[in-house]
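Please find the structures below.
Each of the two complexes below includes chain A, the first together with chain B, the second together with chain C.
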Partner chain A sequence: MGEKEQPRIGVFVCHCGHNIAGTVDVERVAKEASKFPNVVFSTDEMFMCADSGQELIRTKIKEFGLNRVVVASCSPRMHEPTFRRVVEEGGLNRYLFEQVNLREHVSWCHMHQPEAATEKAIDLVRMAVARAARLESLPIKTVSVIPRTLIVGGGIAGLRAALDIADRGFEVVLVEKAPRLGGHVIKWTHMFPGDRTGEQVIGPMIERVMSHPRITVYTDSKVVGFDGYIGNFEATIRSNDGKSEEKVEVGAVIVATGFKAFKPKGYYAYGESPNIVTLEELQEMPRRDDLLRPSDGKPVKRIAFIGCVGSREPGVKGHEHCSRYCCLAVAKAAADLRDRVEEALVLYQDVRTYGRGHEEIHRLAREKRVIFSKFEPSEKPRVTVEKGKIIMEWHDVLADDNLRFEPDLLVLASAMVPPDDVEETANLFSLTRSGDGFFNPEHIKLAPLTTHTAGIMIAGVAQAAKNASESVVDASGAAAKATSLLAKGEVEIESTVAHVDPELCSSCHTCVTACPYGAISMDNSRDPPVALVTEAKCHGCGTCAAGCPSAAITMLHSTDDQILSMVEALLMPAMTSGGEVQ
Partner chain B sequence: MTEAAEKQVVRDEEWEPKIVAFCCNWCSYAGADLAGTSRIQYPPNARIIRVNCTGRIDPDFILTALELGADGVLVSGCHPGDCHYTSGNLKMRARWALLRRAIEQAGVDPRRVRLQWASASEAQIFADGVATLIEQVKKLGPLRGQWK
Partner chain C sequence: MSNGAARSNNVLVVGGGVAGMQAALDVANQGYKVYLVEKAPSIGGRMAALDKTFPTLDCSACILTPRLSEVARHPNIELLTYSEVQSVEGSLGDFTVRVLRKARYVREDRCSGCGDCARECPVEVPNEFDEFLGFRKAIYVMFPQSTPNVYTIDAEHCIRCKRCERVCERGAIDFDMQDEIVELKVGVVVLSVGYKLFDVRQYPRLGYGHHRNVITAMEFERLINAAGPTKGHLIRLSDGRMPKRIGFIQCVGARDVKKGVPNCSRVCCMYGIKNAVMAREHYPDAEVTVYYADIRAFGKGFEEFYEMAKTRFGVKFIKGRVGEIVEDPETANLQFYVEDTLSGEILDVEHDMIVLCPGLQPAEDLDKLAEMLGLETSTDGYIETRDAFAAPLETNHPGILVCGCADGPKDIPDSVTAGSAAAMKATILLSSGGAK
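Right after this comes the complex of A and B.
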């Protein structure tokens, strides 16, 4: 860690237009900051993230010989990478930057208390200045990237991603738990927008994947072990019969594990008659010219659909989301089948045919005289089965009338929900899940295909309910993310890892058991053996440092001293040298 | 009421608790960000210190904060099972039971410390947790001088 240089801190307080300055007295914050220990320059500026703000930082670093920079603006989750780059351009190590969150954590949540908000802002800046004085340069480390991608899931998203990556010249390992590729799509008999079968749509993709020289396919297999870090993962693939197990090294991963069609037990008498089926079960019926009733094989004369089955149910965990594919799929199926039946009825809460070509299909269904009838979410249709006969009763909102229909076949447009083994997948790849049960992206708007685990992408319904064409868009996007990593050949990794001081280590093994990543082992070449961190495996959580009874572990960039200096600066400002006495 | 007692009442009314809040980067800090983005309004007494994981929080940080005059300490992390580092929050939870007992033995009301789970999407839960702790601490009064 070397000789300590005297900190020379610059503080830049951002107005963010009216966002911060509208509530917080930013001029006062900057003025107070100028009195804090080690601060040699302090100012306020309209937009710190704009070119002018960035230039200001670079200029003042030179002008005042700043060796630490504090920017008080928005959340570091937003702009920390931006400002780290700026201080680097100004000649400082990126870890000598500290950000204060005056927008999300102050001005936006205390809008009616400008005085208290300003006090809070001053406290937060004082804390950041104290921490900044204790920040240390860390080496910028890069690791090489293994030019191979693991794709988990051989549905339409996984296949598309595999072809995109392999066509760009990189190797792909594709793992599918089912005995064949093609996911849900291959089982379906009528695909949007034309009338081709799923097999016709996806078949050529499967053929290309199977014959591609750079794609290795494992079907009837699962990833059962996963370890490593961005650019250097190791996955263990085991066949479902347990007879073979292989380890592969990959640099990137795309999780495209898709969904399960919800089996709506307890909804609309599902399970009480063979003639009540889900949309997926209808899609899987053999393709033929006439539509036959599952119970007795007689032609269906009246067909009915019900939308939003297990979707859009506020307060029901895992069923609050819109499943997005069903409105179009119902309109398409009703329009297709209208020619083969005497009557077709669709009961809906809302019709959301939002995508390209969707509204045309919806209109076609209406032109073909498919009857659409709207019900209130609070007053769901009642379905009963009497002597094998299906009876539907509901209140039509638009006609304000109670109606009744006896279909030969009732189709329930059931929700897309995560597959049964989603938890296993989440744990394997350290992914978090949102309320709908699908995997969280890194950022819902700005980074929808990457995750918080660097090097792991998500695509298709694994990320959220969506239709096949949207899944393909995702897949190509995730493939582009993976290939940009592979093409570069190396990637920067965080230097914020744990470090053991062997002189202080008392060989108690507490850290070895605390580490969630197996990154700490005992160095047996020493007597007694001491803890040793494999830095590449360390993710920087700091659980080991908090658990170490000998204070032998330093978490770089999150040291005890750095954290406690913030506590002190808040509660005992006079204790920090040169601080104003309150 | 004596003059001194009257002054004490005035002082107590003016007193605003100081709360140190340790938030993990991935869930609760992001939840606090979302509270701001959603313009959820909550009391301004808490000062957030960002740590990578609640597992990083040495119980000593909390004791030091109370010793230096924090009136309350909040620890907010990912829900069990959702930890970005798989299990750091569980380590924190394990320490918590002992920590509360230690605080109590030192003569400090354990209601001054609060452990909560708030995900990146649970802005309201985060804000409500902060408000709950502040309310609790306000009832207990300033901490100074309560150590045994």
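Right after this comes the complex of A and C.
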């Protein structure tokens, strides 16, 4: 494998406070590691990720002339970038670092077997040391970023993100599948907070978007093709009538595709009477000074609401989540309408008026004598329609009584669910979805706006059920992620990619079809054509290498040699232990 | 990066918790200089002290540490820890900020964080980071991953024996250090000053401060934390024994008009459930009960986590307000009556440990800061924002933005999101439409 310097490996075993050291004998692991081939330094330390641990690595690289570093700590998912940076600061190539997961893979799952856990830890470290000896430097590559952002969805989140990015000085392409901008909000009659209509809230935003010199709007259109990699995407936008199709190049994407209000067929006699409507349908009825029964246009005297319709249903796929916006929306609608009706009733499971100003509305509704009655999820209210009359029967758990009510209008607070074409969107942008059907963020706590696909952000309800004012904040946040990328102008990409040896390639196309990311094409400039990897698109998954019948593909940083050395270290420890340098 | 409209292109972020760090990073990543001012010796905020986070049970410190290093090492971020904003004058694009840099008595440029000084220090002080359950020295770091990794001498408790000075190989100890005032020029100010927890002593009937086994949720976080005062062993403070029957009481200082906390604090249901799950994780045969008013599991994955707490972890949930908690003088166990409002039964229960889950309140001295900056506050003391849809992070003072809990309680993802959004607004104001 070419010129080789003698590996000089340093092993750093982390206590992670008590997380690892509480189960694994870390001192013993470090001591054993010192005997492994090529290990010239080995120690244990309270927190390797802390500044002091990082400093220790840098110091020891210099002191012992280390050229490979193994850190035995937690999952590389969080700290591999940290330690790669540390070894770089110590003067090594970042790919000469190897991490062993002694926490999730050892101490946390073998908490009650400290002996066996320690043995396993030693095995894993021995394997990592064997692999480290064979690690090679890889080049650090950057690609330039096209200073334009694609925003998918022209609801309140998409509009806000578009305005922010354009106001910051970058170009935006906004695509909306409906004929007009404004999403759900524009149809609504009452927004919270305040008491503006959706039109009043979103109208000025639409006007600004339409007249902004840096925003190009495509309505009645969809993104039908999407290709490329962070900083360099190409989207195909097609009008719904199929008459026009355009390709645009963008550096970043914000997916703000929103939600669909669940149509609760099969719930509470929905569909059996025109006077049973969803909250969304109520919102779209004319302003409430004049609440009339859809069936005959007579004024509504008794109104009822039922919460959690299609939400919070354990075991029902896509309906297990709380839809977040509805409790307040119901409380507000009930409080607003209480003055115009004789009786207003709200059936609920829990009242989740969590935000600022929400409790005031909830209290106002109660002060106005809106009746709140709690039902148990196991005993849902029964709704029947007899001769056009709506009859509700339920068990109030707080009063422990069976009750009955005959409303003129029944409003079902139905769930927020993903739009029908969500799967299409997921496939187009390589996004994954969680149990609620909405897109997964990169990290649910600390990276709620970015996704696992670099360069693609999510905002608003595309990420999870939420209300309009929360979606707006999301949108500005996602816009910041996009502009950070655009302002830098270039971005680093991973070098752990597939590499084709053109001498060995038999032009069979197996890898081209195997690649889930469309990263491999045929280089027709060669005769015969050979497979060519677009490195920025490659995720390093190895599917191509596994499929290649000619063994022409090497996975950089996961070479056969590197992997087999680990297997050897596990199966034949005697060969790889003992301290003598090979 | 230059443009005529703004005289300073720098941003001041006040508060180095998770929201402020995110705001700083997202501004700095766009090429602008950020001063991040934090009053504690380390950035990290509340999140650094939490054990696990809901709804994924990620270890809080573990997911936070990369963020801490990212902030500390960012070429466009200048950290001013152990510092406080004294005054802000001027207007958008042209603020003059005076910052008090409190004397650490340790030189940041020399200290390597080796800890030799703390080992030598003879003075032990109850550790505020551990909710005073453990001890630290008079020269200390707040927590192992403290950023910057620099020791601080707590002047109030230091006895000037100078043993640390003698043992420090780098000559980093400097007893002559003085507080100093630095003046910064910034174009935009972002307030991410966080929150304070409700003082549970305001409910005398719950017995906190009298009954040793009634603790707060933050004390619970430190007790179950592997880096905490008990190395993660959940014990009773009265006798060090393992609690077998643990109760969690929700809404302590939230949704209570009489106590001046009319609003829901948004996070307590979920941290309460998370802690209940952790209690079962620590002691699988312990009886764990949550006493609640409504369970508000509204965020992504929250309801699913609540369901899992009931079904997979066997946490019991009882809807009802608890009465006066009485301590058994023999056993230090805790007894009270509670009406299970779902069954209508009055229950007479006994627990070995009670964890009070306090609500959130505006940060200490937020009223003074608001007054100094001329910012409007709401009746519950948070900073008022201009418009929920058009300007959700903007205050009445142009160029002063808020994020995190400065304008109301938020959980971690909502704080992070607001931090990013504030960064967006800040850079729009500075760039005036220029793409650089």
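Operating definition for what follows: the second predicted complex is superposed on the first by the 564 of 582 C-alpha atoms of A that agree within 3 Å, B and C clash if a C-alpha of one lies under 4 Å from a C-alpha of the other, contacts with A are read in each partner's own complex, and residues count from 1 in each chain.
One rule holds in what follows: a contact is a pair of C-beta atoms (placed from the backbone, for glycine too) under 8 Å apart; a residue touches a chain by one contact, two chains touch by 3 or more.
The model shown is predicted, which means the values in this text are computed figures rather than measured ones.
Once the two complexes are laid over each other on the shared chain, residue contacts for A:324 go to chain C alone; chain B is not touched. In the superposed three-chain model, the partner touching more residues of chain A is C, compared with the other of chain B and chain C.
Contacts of A:424 after superposition on the shared chain: neither chain B nor chain C is touched. By the touch criterion defined above, A:123 lies against chain B but remains apart from chain C after alignment on the C-alpha atoms of chain A. Look at A:79: by the touch rule set out above, it reaches chain C but stays clear of chain B. When both complexes are overlaid on chain A, the residue A:51 reaches chain C alone and has no touch with chain B. In the superposition on chain A, A:449 makes contact with chain C only, not with chain B. With both structures placed on the common chain, the touch criterion links A:434 to chain B and to chain C.
Contact with chain B, but none with chain C, is seen for A:564 once the two complexes are overlaid on the shared chain.
The interface of chain A with chain B overlaps its interface with chain C at residues 434-435. On chain B, the positions that touch chain A within their shared complex are 16, 18, 20, 25-26, 29-30, 32-37, 39-42, 44, 47-53, 55-61, 64-65, 68-70, 78, 82, 84-88, 91, 95, 119-121, 127.
Across the complex, chain A is touched by residues 18, 26, 29-31, 53, 55-56, 58-59, 62-67, 69, 72-73, 112-115, 144-149, 225-227, 231-232, 255, 262-264, 266, 294-304, 307, 311, 341-344, 378, 380, 382, 388-390, 392-393, 407-409, 412-414, 416-421, 423-425, 427-428, 431, 433-436 of chain C. Of all residues in chain A, those touching chain B in their complex are 75-77, 101, 103-113, 116-117, 119-120, 123-124, 127, 427, 430, 432-435, 440, 452, 496, 514, 516-517, 539-543, 545-547, 555, 558, 560, 563-564, 566-568, 570-572. Partner chain C is touched in their complex by these residues of chain A: 16-19, 22, 46-47, 49-52, 54-55, 74, 78-79, 81-82, 85, 147, 156, 164, 167-170, 191, 193-194, 201-202, 204-205, 311-312, 314, 320-322, 324, 350-360, 363, 376, 397-398, 400, 434-436, 438, 441, 443-449, 463-465, 468-470, 472-481, 483-484, 486-488.
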